[in-house]
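For clarity, chains are labelled A, B, C and D in written order, and residue numbers in each chain start from 1.
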Amino acid sequence: MKPNLEVRIGALRMKNPVTVASGTFGYGQEYARYFDIAALGAVTIKSITLKPRAGNAPPRLVETPAGILNAIGLQNVGLDAYLAEKAPFLRKHGATIIANIYGSQPDEYCELARRLEEAHAADAIEANLSCPNVHDAATARGPALVAQIPERVAEYSRALRAATKLPLLVKLTPNVADIREPALAAQEAGADGVSLINTLMGMAIDPETRRPRLANVIGGLSGPAIRPVALKMVWDASRVLQIPVIGMGGICTAPDAIQFLLAGANAVAVGSMSFRQPDAALQIVRGLADYLEHHQIPDVNDLVGAIAT
Amino acid sequence: MPYVLDCEIAANDEAAPAHRRMRVCAPQIAREAQPGQFAMLQTADGYAPFLRRPMSFERVLPEAVAFLYKVEGEGTRLLAAMRPGQTISVHGPLGKGFSIDSTISRHILVAGGIGVAPLPALADAVTRACRRPPDVVIGARTKRFLLCGDVFRSMGCEVYLATDDGSVGEKGVASHVLERLAPNPDTQIYACGPMPMMRATAQIAARSGAACQVSLEAQMACGDGACLGCVVESIFENEGEKMVRVCTDGPVFDAQHIDWNAHNFAYDR
Amino acid sequence: MKPNLEVRIGALRMKNPVTVASGTFGYGQEYARYFDIAALGAVTIKSITLKPRAGNAPPRLVETPAGILNAIGLQNVGLDAYLAEKAPFLRKHGATIIANIYGSQPDEYCELARRLEEAHAADAIEANLSCPNVHDAATARGPALVAQIPERVAEYSRALRAATKLPLLVKLTPNVADIREPALAAQEAGADGVSLINTLMGMAIDPETRRPRLANVIGGLSGPAIRPVALKMVWDASRVLQIPVIGMGGICTAPDAIQFLLAGANAVAVGSMSFRQPDAALQIVRGLADYLEHHQIPDVNDLVGAIAT
Amino acid sequence: MPYVLDCEIAANDEAAPAHRRMRVCAPQIAREAQPGQFAMLQTADGYAPFLRRPMSFERVLPEAVAFLYKVEGEGTRLLAAMRPGQTISVHGPLGKGFSIDSTISRHILVAGGIGVAPLPALADAVTRACRRPPDVVIGARTKRFLLCGDVFRSMGCEVYLATDDGSVGEKGVASHVLERLAPNPDTQIYACGPMPMMRATAQIAARSGAACQVSLEAQMACGDGACLGCVVESIFENEGEKMVRVCTDGPVFDAQHIDWNAHNFAYDR
């Protein structure tokens, strides 16, 4: 008997619990050369903004032990080009689309969500409230990201909830003392799920030139290095939430993905690993199916939160 | 179409101090690889280094490709330790290579340091397309680090050398030699090397009316155009076009399309 | 000319800016087999408590990509045994001692500090307000560690400041939204310096048994994986502080240590790397001296905060 | 005194499916290594895996030491890929090995699975100290995984075999065979293997009045007693003594000192 892989995140149906992390899979086109992207539970697109953005000055990337620091700064084609060129490609290939959006005000998020819904260019919205690499996020004393302040998470989520009927995911930052606070704020404001985690803020310096390795000075840390941190946050949040969690952070293989499901994630996203292995997400779908069959687990949802403690 | 293949290493030998040449058996990749394209090589089974390392094709052989690389840091040190018979994961061919216009009469290849790596494959292709070997200018710090001179000579190329210390060839940088070769509007220059040398080359080309293609480097994560990590600034001012990706829009660019003033040389190694 | 390596952290003189991180170097004895521990700027001891502690149940360790998760739970010999057996060994070998202490109340910290000072068994106190592995740190909703709450950092630091004349370091957790807040709280309460960072909370699960890899379920992540996170926090904190910072988190080599100095640390601590290379801290002292000579920098203090931005 | 040395690999060959034997040239370490002690091997130049892997000395030779290991995960996979001529960083000898009381008349070595690894060196030492080879009981899942039988026989040991499936020797586990050998108060048992097998062995020893030393395993970071990561629970109730370190208080312990009931078997692999 083939195990069931389908999961639901609010009204979003995913044929399996594996998507890709925003910003690590372009708009799907880049990876459609390697495999059928419709075989994934969903394709999560690079954050889009209302207008195109050039992003930060290079260098934007530096490698760190088992990780990557990036400061892309939300370079993206903008909503119009997404609707005209990217969404049709994803639709033609039959992909389920999680559209990740970024704005500097609740209004911008709402307009993005409304126009994506109108154009049928998204099956769910993921609101990126946690990008460490944009300068709208001021750096005065005190937390700077929307996702670091539960009241602001609630405000943005409420506005979005009113603006769209699409399933709404809120993407949070690990740079908080207690992930449960912003997660509960999102839930109370009507989000259908939370995405955990965005990158951890980090930095690297070249000892020879004494310059930061990134032109932006700071960046976001991703990759296997952060996996234990992400897993702990998924575990923390999922135990207090009624809504689903999409877990991400350093997932490279099926056993990694299974850890997140066991910790309480209802679905997972594969991020930086696609850079190393373009079909990593597909391999994880397969590995997950094999694991379920091997352990005679009929439904992937049975794994969710099934950690033995 | 790019592949991700486990390939057997056929050879991995020293080419100069701290420079090596690796040949890997990769028939599919060899069939499609174009001069100026590159592959991403996985350097470790574990996750450190996590990312693959981009390397240009030095030669494209019937069933194999060769890489010429400089041992810089952790990743290339691990490459250097690999032995024939071991396998390596190769992701490629990637990127946009050189384009050869056979109606142009003079073709000059200009290399600085390890920037020579993609040029043997290009010299091969120019020779085939134009039925005449190109001229080649190679610059290096000192004699010991001058690479591929014999390779180009064996193809019949005229080879001009320049070293910083004058230990062989002209004392100075490759772009000086290029200037002396007096490129004109019927010349195609192809350059690969450190950014200051490429900017100088681009300026010479602009002044002389010669066409100029440059092969750029940038820190890469995906090699596939997805991460937007490898960008350089172009002359296009539109927000959506300003940043071009070295991995998929390049690595070979028309020198006129690069904003050489925007480039922050403080970050070059 | 030999460059100057001496640094000061308040009244504490260190012959060079390299110490070891608490809990990764035992009480010095373990590593005195490999090199002269007095060659380090200081030896920071494993956290001691008033009474001996058995710590958490095993398994207590699991490796993660470029990192280690640990849940030792402050197993230690207790103050009396430290004074009777460990301090004399360190003194005999001429080591400068940073005594890391842990208590469940300000009172306990104060008694530890007082008794260490009386016995001349410490040259500085490092108050561990940030251990993720002890169950005194309750796990109800809301931050659980003293170091996550600036007011409590101030309270503990003030009490300690009143209890001892020894140089006082306060060790903080990276599990906060903004490291500047607890760091400034420590400074305002009279601390002579802050130690950044303790481990990041993390977790790992065995997909086959479905059990957490650690009996304690969660643990603290250390090692090169966390280096970019630590460096960013040192940079953030040192720019707003008047007091020195001891930087730590994934330092493995001299170039790593130099990154922390450039980011604003006045000294550094080598932690997990000693496990891989027992004389790592000594090699870093040497590498630092070589770097200064090679770059003709007369004084290591000239590197502090000298990042070029 | 432990060393940290870069050592040349002399051999690294398959010993059974997914089991290998590595011999490294390490004269200083070989001079000091005792049976039951171990070394921490660095498996990668990069930081993944970050920690060294503990491995018992299978044999202590005049200028070299040998390790017998099972390919389990990432670290041992990397060890398995190493070739003679390469160097490996070896940290050791570490820990407290077996102690041999030559006034005891009967010595029985009991191994389960890869737990056999430290026993050839021990058999050597027992033979030398007692002028008589010990008896050896080896248990394994199935015939293919029975290791070192010939090694012990060539030392003159009486060797008893047990397999889970009965494919060779007795059908059952090593501790059953041990029971049949009727240990008594003048017997010294030395055991290494999975925890359940060691608990059973410890019980047999306790019942029969035999002395019993067990060599334990635990996840290790430092190997030096500093990190307190590798502890197991002892019978000592004092907070300061309860947790004993496998790396420095062990890995060899008197079976009577271990709290077998406290051990959480759910975490064993």
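The definition used in the following text is that a residue touches a chain if its C-beta (ideal position, glycine included) is under 8 Å from a C-beta of that chain, and two chains touch if they have at least 3 such contacts.
Note that this is a predicted model, so its numbers are computed, not measured.
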Higher number of C-beta pairs in contact (A-D or A-B) found for A-B
Can you name the chain that lies farthest from subunit B, using the mean of each chain's Cα atoms as its centre?
D
With centres defined as the mean C-alpha position, give me the subunit B-subunit C separation in Å.
46
Would you kindly tell me how far, in whole Å, the mean C-alpha position of subunit D lies from that of subunit B?
53
Distance-wise, how many Å sit between the C-alpha centres of subunit A and subunit B, to the nearest whole number?
35
Where in subunit D do residues touch two or more other chains at once?
46-49, 266
Tell me, which residues of subunit A touch at least two other chains?
65-67, 209, 211, 223-225, 308
Take each protein chain as a node, join two nodes whenever their chains touch, and name the resulting shape: line, ring, star, complete or other.
complete
In their shared complex, subunit C is touched by residues of subunit B numbered 46-48, 266
Counting only contacts in the complex, subunit C reaches subunit D at residues 23-26, 30-31, 33-34, 46, 51-55, 57-63, 65-68, 70, 72, 75, 77-78, 81, 209, 211, 215, 223-225, 252, 272, 274-279
If you look only at subunit C, which of its residues touch subunit B in the complex?
65-66, 224, 308
Using the touch definition from the top, list the residues of subunit B that touch subunit A in their complex.
1-2, 4, 42, 47-52, 91, 218-233, 238-240, 242-243, 248, 262, 264, 266-267
Footprint of subunit B on subunit D - complex, ascending
44-49, 74, 77-78, 81, 83, 86
